[in-house]
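Before I ask anything, here is the structure I am working with.
Just so it is clear, A, B and C label the chains in written order, and each chain counts residues from 1 on its own.
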Amino acid sequence: MIVLLSIFVIASLMGGCGKSKTSITLAGSTAFQPFAEKLAEQYMSTHANVSITVQGGGSAVGVQTAISGAAQIGMADLVVLPEEAKQLTPTIVARDGIALVLNPANKVINLTMQQVREVFNGKIKNWKEVGGADSPITVVSREAGSGTRSSFEQIVTEISLTKDALIQDSNGTIRETVANDPNAIGYLSHGLLNDKIKAIKIDGQECTTELITTGSYKLVRPIYLLVKGTPQGEVQNFIDYILSADGQQTIKANGLIPAK
Amino acid sequence: MRIHPRYTQRLAVTILGGATLLTLGVLAFIIVFVLQKGLPAVSIDFLLSNPQDMGRAGGIFTTLIGTIILPLLAIIVAAPLGVSTAVYLTEYTAETRITRMIRFGTDCLAGVPSIIFGLFGFIFFVTTLGMGWSILSGGLTLAFMILPTIIRTTEEAVKAVPKSYRQVSFSLGATRWQTVKRVILPNALPGILTGIMLGVGRSIGETAAVIFTAGSSLRLPSSILDSTRTMAVHFYILAREGISSENAYGTAATLIIAVLLINLTAYWMMNRFIAKRS
Amino acid sequence: MNVIGEKGVQRILSVTAFSAISALLLIALFILNEGLPFIFRYGLHDFLLTSDWEPQAGKFGIFPMVAASVWVTLGAMVVGAPLGIAGAIFLSEFVPKSVMRVVKPTIELLAAIPSVVYGFIGVMVLAPLIRTYLGGPGLSLLAACIILGIMILPTVISISIDSIQAVPQSYREGSLALGATTWQTIHMVTVRAAKSGIIASIILGMGRAIGETMAVIMVAGNAVKIPHSALDSVRSLTANIALEMSYATGLHREALFATGVVLFVVIIILNSVAIVALRKRVAKK
């Protein structure tokens, strides 16, 4: 009886195999992932023939799965696209600032670029060296394949991450870790800021949409959608939707910066 | 200086009892902690509505489906394969070096960390075979993961059936298959079911291997090639990314209760089975 | 009625068995095929014993991760084994059978709780406690040891209980008849007789501790450094694979498979030790 039931379940699932729904998978940047999911939800509410799935994994996963075909669209938030991305067609769909975040209990509100460099290099080990309380700094960073991390290190320059740094695997997890540890410092997408953590100023510049757009806030990177070859059909339609006024409005409303 | 054995015994009982209480206390704390924070969020609505806003609102229905389908596929593949292999190895082959090597290999594979199966599944199923993040990739990976355990526990269960049962059956003129079908399998069934339940339990709780092979889509899967999210993965993502503490605990509570129910059902079935036969 | 016939059944079973075994062999060979060439090329010594893990720069020394896995496993054993064995002894020898019939299944139920739940409790409850009262980032080796120790408790307890209960009652009766107290009987006769089963349970627990991924990623901090104190953040071999496998390519990916091979070998060694321990138990009978 159980066998029959299972066969029925499996058969009904396989029945989906020959349907007319187009399936699009996006994978990559965890910074853009929540936005991609929201945009996908909105797009699918008006386009019932398309089924869009969003996976994470980090920008390097975005590049690789776009190349290998596991994903139709790769998401990457990188300042500079890597060598292997040459075979992919990039489209910038948004810009995003990287906020340097602290626990709300931390009294520090500003760091110079040099201080940021030295904290992440492990040269500055205690908060009191930068005007805070006398406690050791817990550096929290992303894994090596993260676009946010690559961009952060490329913009700040000369960063050789301290071996003591905690590593977490997504923007959201860094936010949670910093929110739970009064001594932590981390970086994450400006679009993911909330009141559990606070963003500090860098060289006196706040991490706000205006200052990011003008360029006064230096930690900015574009968000690319990568497709193998030329985007066609539903893939192109979805990308067009994201670049349309509706899509860009959603992006703006949720904390990212429009592409233009 | 010699202490009277009565006192050492009292001391031993106190220490052992204390350790036991500590152990049970910690384990109870974990369950109570999760249930206390999670049960308020659980309701029929929670279980039957789809997640909204990436899990911030709504229920966990699609993940419930994922949690049912993935282990189901894994069991459908692994149980017949595993039981047949074990029966064949114990009943139809002699004890040779090859069978001993196979047994050792199976034992080892049963102990291999699940992340390695996840790595295998990601490279082989998702990328090389092009199945993408899908129920198929996830189910097959899980099947491979639990296959060694099912083979091993079935073998133990079959071996535990007394030789005399087989001898009596043969002396009555039964063929090997008849003996297996009517004497050995029914007697070994409790043990076999334990192995299968272990496999189910492991599949339900598995997170890393599942994320890398079945993905983490929150949409209701419509075909075996669709990605899906299980409750364990959902809990992990909600909790780690701080998306919704309430829903995270609710998912965890549902997960724990589900696992508890499955295990209890298995025990109950086995007890009834044993009672019926004796 | 015999549509297939005896020979037919045998053939079907042998084909199924063959496919299952081939599938498992496939996995083992796949991993070895991806990982072994790397070890030979890079050098086993450099791979296991250097501490530079910088995939971007082509450096693949996994010693910090090896050290972390070793310490985490040992720590988990220190937490889980004594408590587990103590619990098993107390539950099987001093607790009435009726209570046991409820308690034992409950403990086995606990073995089925997903590791991510344990990990999360570690993050929300244990790590802040460690950070406040002991220092360090909280997400540390200590946190991982404690959480893993708790996770292996059900395994150690339930298998140890089985071993202790399998000791023939005559052993106990003989000892008591000679005038020993219950406790003397337990520690001089019963436990000694159940020794190999208890050791097997510990080895099984060790296997689970080495293979645990999610809980460790959540509470250990994942820093690539050799731990100098229990409050340091560490990254286990399994965590290393999980964190990097989705984007590793080329040599990097091979290095991760090679890490898998290392874990494979460790499990084989552990299993061999377990088999020897269990063989002693069978031989004694």
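Throughout what follows, a contact is a pair of C-beta atoms (placed from the backbone, for glycine too) under 8 Å apart; a residue touches a chain by one contact, two chains touch by 3 or more.
Note that this is a predicted model, so its numbers are computed, not measured.
The touch graph of these protein chains is complete, with an edge between every pair of chains. Taking the mean of C-alpha positions as each chain's centre, the chain lying farthest from the centre of chain B is A. Centres computed as Cα averages put chain B at a distance of 16 Å from chain C.
Chain A and chain C have CA centres that are 35 Å apart. Residue positions of chain B with contacts to 2 or more other chains are 240. For chain C, the set of residues touching two or more other chains reads 123, 217, 246. Against chain B, in their complex, chain A makes its touches with residues 6, 9-10, 13-17, 19, 21, 23, 25, 34, 37-38, 51, 53-56, 68-70, 170-173, 175-176, 179, 196. Residue ranges on chain C touching chain B, taken from their complex, read 6, 9-10, 12-14, 16-17, 19-21, 23-25, 27-28, 30-31, 34, 82-84, 86-87, 89-91, 94, 103, 105, 107-118, 120-121, 123, 125, 150, 153-154, 157, 180-184, 186-187, 204, 207, 210-214, 217-218, 238, 241-242, 245-246, 253, 256-257, 260, 263-264, 267-268, 270-271, 275.
Within the complex formed with chain A, the chain B residues making contact are 53-54, 69, 72-73, 76, 126-127, 130, 132-133, 135, 215-219, 221-227, 240-243.
Those residues of chain B lying in contact with chain C across their complex are 5-6, 8-9, 12-13, 15-17, 19-20, 22-24, 26-27, 30-31, 33-34, 80-82, 84-85, 87-89, 92, 102, 104-109, 111-120, 122-124, 144, 147-148, 151, 175-177, 201, 204-208, 212, 232, 235-236, 239-240, 248, 252, 255-256, 259-260, 262-264, 267.
Contact residues of chain C toward chain A in the complex are 55-56, 123-124, 127-128, 131, 136-139, 217, 221-225, 232-233, 235, 243-244, 246-249.
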